[in-house]
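Below is a structure I'd like to ask you about.
Each chain gets a letter, A, B, C, D, E, F, G and H, in the order it is written, and its residues are counted from 1.
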Amino acid sequence: MSTPASPQQPLVGLVMGSDSDWPVMEAAADALAEFGVPFEADVVSAHRMPEEMIAYGKSARGRGLKVIIAGAGGAAHLPGMLASVTTLPVIGVPVPLKTLDGMDSLLSIVQMPAGVPVATVSIGGARNAGLLAVRMLASAQDELGQQLAERLAEFAVGLKAAAARKGE
Amino acid sequence: MSTPASPQQPLVGLVMGSDSDWPVMEAAADALAEFGVPFEADVVSAHRMPEEMIAYGKSARGRGLKVIIAGAGGAAHLPGMLASVTTLPVIGVPVPLKTLDGMDSLLSIVQMPAGVPVATVSIGGARNAGLLAVRMLASAQDELGQQLAERLAEFAVGLKAAAARKGE
Amino acid sequence: MSTPASPQQPLVGLVMGSDSDWPVMEAAADALAEFGVPFEADVVSAHRMPEEMIAYGKSARGRGLKVIIAGAGGAAHLPGMLASVTTLPVIGVPVPLKTLDGMDSLLSIVQMPAGVPVATVSIGGARNAGLLAVRMLASAQDELGQQLAERLAEFAVGLKAAAARKGE
Amino acid sequence: MSTPASPQQPLVGLVMGSDSDWPVMEAAADALAEFGVPFEADVVSAHRMPEEMIAYGKSARGRGLKVIIAGAGGAAHLPGMLASVTTLPVIGVPVPLKTLDGMDSLLSIVQMPAGVPVATVSIGGARNAGLLAVRMLASAQDELGQQLAERLAEFAVGLKAAAARKGE
Amino acid sequence: MSTPASPQQPLVGLVMGSDSDWPVMEAAADALAEFGVPFEADVVSAHRMPEEMIAYGKSARGRGLKVIIAGAGGAAHLPGMLASVTTLPVIGVPVPLKTLDGMDSLLSIVQMPAGVPVATVSIGGARNAGLLAVRMLASAQDELGQQLAERLAEFAVGLKAAAARKGE
Amino acid sequence: MSTPASPQQPLVGLVMGSDSDWPVMEAAADALAEFGVPFEADVVSAHRMPEEMIAYGKSARGRGLKVIIAGAGGAAHLPGMLASVTTLPVIGVPVPLKTLDGMDSLLSIVQMPAGVPVATVSIGGARNAGLLAVRMLASAQDELGQQLAERLAEFAVGLKAAAARKGE
Amino acid sequence: MSTPASPQQPLVGLVMGSDSDWPVMEAAADALAEFGVPFEADVVSAHRMPEEMIAYGKSARGRGLKVIIAGAGGAAHLPGMLASVTTLPVIGVPVPLKTLDGMDSLLSIVQMPAGVPVATVSIGGARNAGLLAVRMLASAQDELGQQLAERLAEFAVGLKAAAARKGE
Amino acid sequence: MSTPASPQQPLVGLVMGSDSDWPVMEAAADALAEFGVPFEADVVSAHRMPEEMIAYGKSARGRGLKVIIAGAGGAAHLPGMLASVTTLPVIGVPVPLKTLDGMDSLLSIVQMPAGVPVATVSIGGARNAGLLAVRMLASAQDELGQQLAERLAEFAVGLKAAAARKGE
């Protein structure tokens, strides 16, 4: 798996359970890159490297991350387990596997017990996970927040323009 | 419906499609109150007052809100429509109605098209919606963010302690 | 997207959330054309151009439309949102996307709250949406209604003849 | 079953597969009554009185009906079978039975083959079926259509007002 | 559609809603042919030729049929409607269409109301429909019944032998 | 469990996996009794007494049975296993248990592999199982068949009359 | 929660995500007790005490446990996470929560990725989890295994006798 | 079907309902082979050779087997029926067929009644079935158990290393 880490201090940790999730999760990386948000991308499997996964989550805030995006499929435990060891907001992307069209992934991610939320996006919706991370960062009152908020507003204008063009 | 608005500038807008959603959504208000996060609570129906809904979403950032929590059931369009008119992060709570156990609400909220994300929590998971909003606010580097991050860490300790006590 | 608008005053507004819905929605246009019903076709995205969408719905009756057909997929909010800003009958077509076979689209469209109905047809059933619009127009007592009612009767005869031929 | 027929020429035929559907379907009758639309209400079972059902559908337009509303549960064949023997628009109401929460009723009604549309509303959504019938009648350019269109506009204002009141 | 009618008095009526169902339904014809059971095959659409369908069902017993096999997809009303106009046993075959994998077909066929049973087989299970018809005929005490019962016993031996061979 | 065996040679074997299924399965016994069809009723568990179950199925035809009705819930293996050891037609009744509304029971019964059919009725549809058995017996050309066919015709008239009365 | 630990060296670790799971999970304890298998019971929440959970799993084999039974509901991560940190067989019990009838719990537990199996039993099937643990222990060739195998054989006889008695 | 039996006394019986299940089930054989666990592989159809199936299950323990792995699709009765005639632990693998993505297979296998457990793995999860069998064997205190436990620990290290490599 290519690891499109960016030179600056990463603000978003983009992780997935397996490198086979990358074709889906890449869209999150692209969205972050479009908004110039520095991020790191890693394979962190809840089931194959549970202690590394816990360590990743526990150290995330201290390392300067502000949001975690986690994609997983089937019995998709990665987003929820990360959310249980960090106080950062965790965005979960249900990755569809060979059967069930991602319904198992969706339910495994979204149906978290009270106390440990995961911000779940649509099945295969990695691009939206990236955009949601941008919205979260844009919500802060610092300079980056301001900049991102402006770019999000431009982005919305762009969406509208593209949609309108198609309608002509 | 009681409107548990807090005296300070609200940071979270808590809206729902109908006052019949309040028994579910109240848990979001409670979570925000526990963390001392000022919020406003309103009925804003996507289908019965669409223009007010759009106005609510468009003005949200300008009015100082940082996060929107929106609960709705059935063909639950409120969270997604708000997300389409604001650049703030929008958290969606699928409210279960009389039939289908909230599966319709969940899919109507979570399956948003690329470009307009909604941070979806579990069916009836309003408490987690509140906690997710706190995590988002705690992600900022300002004083409030610092405070909330500390309280979230304490909260996690509390969760563990309560769980452990039950296991004794 | 080709916009097969007809020269006369359009009676049916055919809209969809994205031009990628056109391969499905085209069958509605074809059905309307077969019955000589003038219509307009547009991309009107609930999520990417919400205000234009609202404006479209609000102006529909005044512009002489008698029925709206709206197709959308996933968290399919377009039909329901249009129904909330017009008093015209709105026909919803659930467009199937990559996963879930259109079940998300169907539930997002059909499970509308009391007060704001959407006349939902089958998953991918755009041809039936066109025919349903024709039935609605044929229900009026004016000249067009009479004509369309006659043509619908002929159409039913044709369906039967075609089915019977296949059985020979 | 009480048959709340109105003295004038009925414009809407309200039928259901069994009188046990009446507690659900009554809301359609109420909506029609609120708008002063004359209607007839009957038990017409697709499975227990198939020929009467066919006769009902075939005679509907000739008897002056403009819309049919049909409710049924389980293997809900009534709306689709009526739609196959009339050119009137048929509105289908999926009635939930003891198991499956009406999902079987919904799919049996909405998944009609190309050529024979049924305008399906939500599970148990009889009130919306009534309102959809009103929208169809209000779409015509005759005097009744005008009146109903005005009343629908007032109705929408009422919905908004009620929703707003709850939000205060 | 080829109509593989057999010269003798047909004992089984094999019908389907559309000739596009033939690739699935052919396996029922093959099973009947293997057992030498004379049958007739027809396209009889519940929705496109409802009165012919009713006539088919009503005349079935009188014409000497002993079992009806009906295949249909989506809002699959054919088996249930036939069962409502004949006292013969009706076997329903849920034909899978483009979406939902035949779940809509299955529920539309199997969830019949009390009073009008349909003997439903698996999704796409036309071969089993044929074999079930043979079992029904083999249940009678006449000569044909005896013969078929013997052949069914041989058939079971053959199934076992084939399965065992695969296991070697 | 009461065993409402009838004095004459039983023609239908009514079995269920557990006596807790009796409240559902009783309706099959009632239907058979209404038509004067002699039957036997037993608890025969596929999982708790597999060899007795196999023995039951293997001896069924020899003991004079003509049809087997088998009800079971959850991983409902009884109908299919009986069908694998008899050449009689086997009718399966999906019994709903505490969760899943009988969907597991339905799929476990209806989705049989090619070669071994089960005539499946609706979830909880034991009355229809009884009526389907009557239809099968009425399909034979012997005296009983004639009698039952006539009674089924009367029964259909009765259904219609009852339905019509409710519509008055 | 009562902790019915047994005086001897526990062989089975019975854990659950919350003490609210005890009413369901108690049946596993009862089954183990019936067979005289010493066990320990604890609340070990994957989400509220993730590190304790990992420690529990990692130490399980060393502490002499031979099987782990883990029950959880919703996004049920406990069984899978334990399986990822032990080489013992882990049995998962899907606990049904307020909505979705345990389907979310089932999929979250059973759909584990290749490499980390969980032995899943039915929704709410804690008694079977206990019996499965007994079967596993009875599979060993030591004295306990011999004893348990004999008792399981007696148990099967008892099941049959009980079932047969109900059928009398 | 190739029968990759191993020369030593088989400890695991690997059976499937049809040789068409082999492409899925082969992964169980591979996993067992990787760990050097001797096994036998057979086609044993619950429906086509029920008595051989019962004989297989009844003789399994006596022949020295310690675990049975059974794969089946659709109305998948093989694992549950085997579990009902042996006291060995039975692992069930839901094999996905042409429709429903294996959901029918999963429910038919996992939803066993109290008293007769099946250790169910994921849809198509034959590799995990093999690994689960190894875990069960590794749970015993004999020499083989010790060896397998060590190899499982190495295996977990390998999984982690492979996952980590992908993340680099």
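The rule is simple: a contact is a pair of C-beta atoms (placed from the backbone, for glycine too) under 8 Å apart; a residue touches a chain by one contact, two chains touch by 3 or more.
Only a predicted model underlies this, so the values are computations on that prediction, with no experimental measurement involved.
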Between the pairs C-D and F-G, the one where more C-beta pairs touch: C-D
Same vs different contact residues, subunit A with subunit G, by half of numbers used: same
Turning angle required so that subunit A lies on subunit F, C-alpha fit (0 to 180°, nearest 5): 180
Chain centre separation (subunit C, subunit E; CA means) in Å: 36
Inter-centroid spacing, subunit F versus subunit C (mean Cα positions, whole Å): 45
Centre distance in Å when subunit E and subunit F are each reduced to the mean of their C-alpha atoms: 19
Centroid spacing, where centroids are CA-atom means, of subunit D and subunit E in whole angstrom: 34
Multi-partner residues of subunit D (each touching 2 or more other chains): 18, 48, 74-75, 100-101, 103, 110-113, 115-116, 118, 122-123, 156, 159
Chain pairs that touch, as defined at the top of this document: A-B, A-C, A-G, A-H, B-C, B-D, B-G, C-D, C-E, D-E, D-F, E-F, E-H, F-G, F-H, G-H
Parts of subunit D lying in touch with subunit C, wherever the complex brings them together: 27, 61, 66-67, 87-89, 91, 106, 110-123, 125, 127-129, 131-132, 135-142, 145, 149, 152-153, 155-156, 159
Touching residues on subunit F, where the partner in the complex is subunit D: 96, 101-103, 122-124, 156, 159-160, 162-164, 166-168
In the complex, subunit B residues that touch subunit D: 1, 3, 18-19, 42-45, 48-49, 52, 74-75, 98-101
Sites on subunit F touched by subunit H in the complex: 17-18, 46-48, 50-51, 54, 73-77, 80-81, 83-85, 97, 100, 103-104, 107-113, 115-116, 118
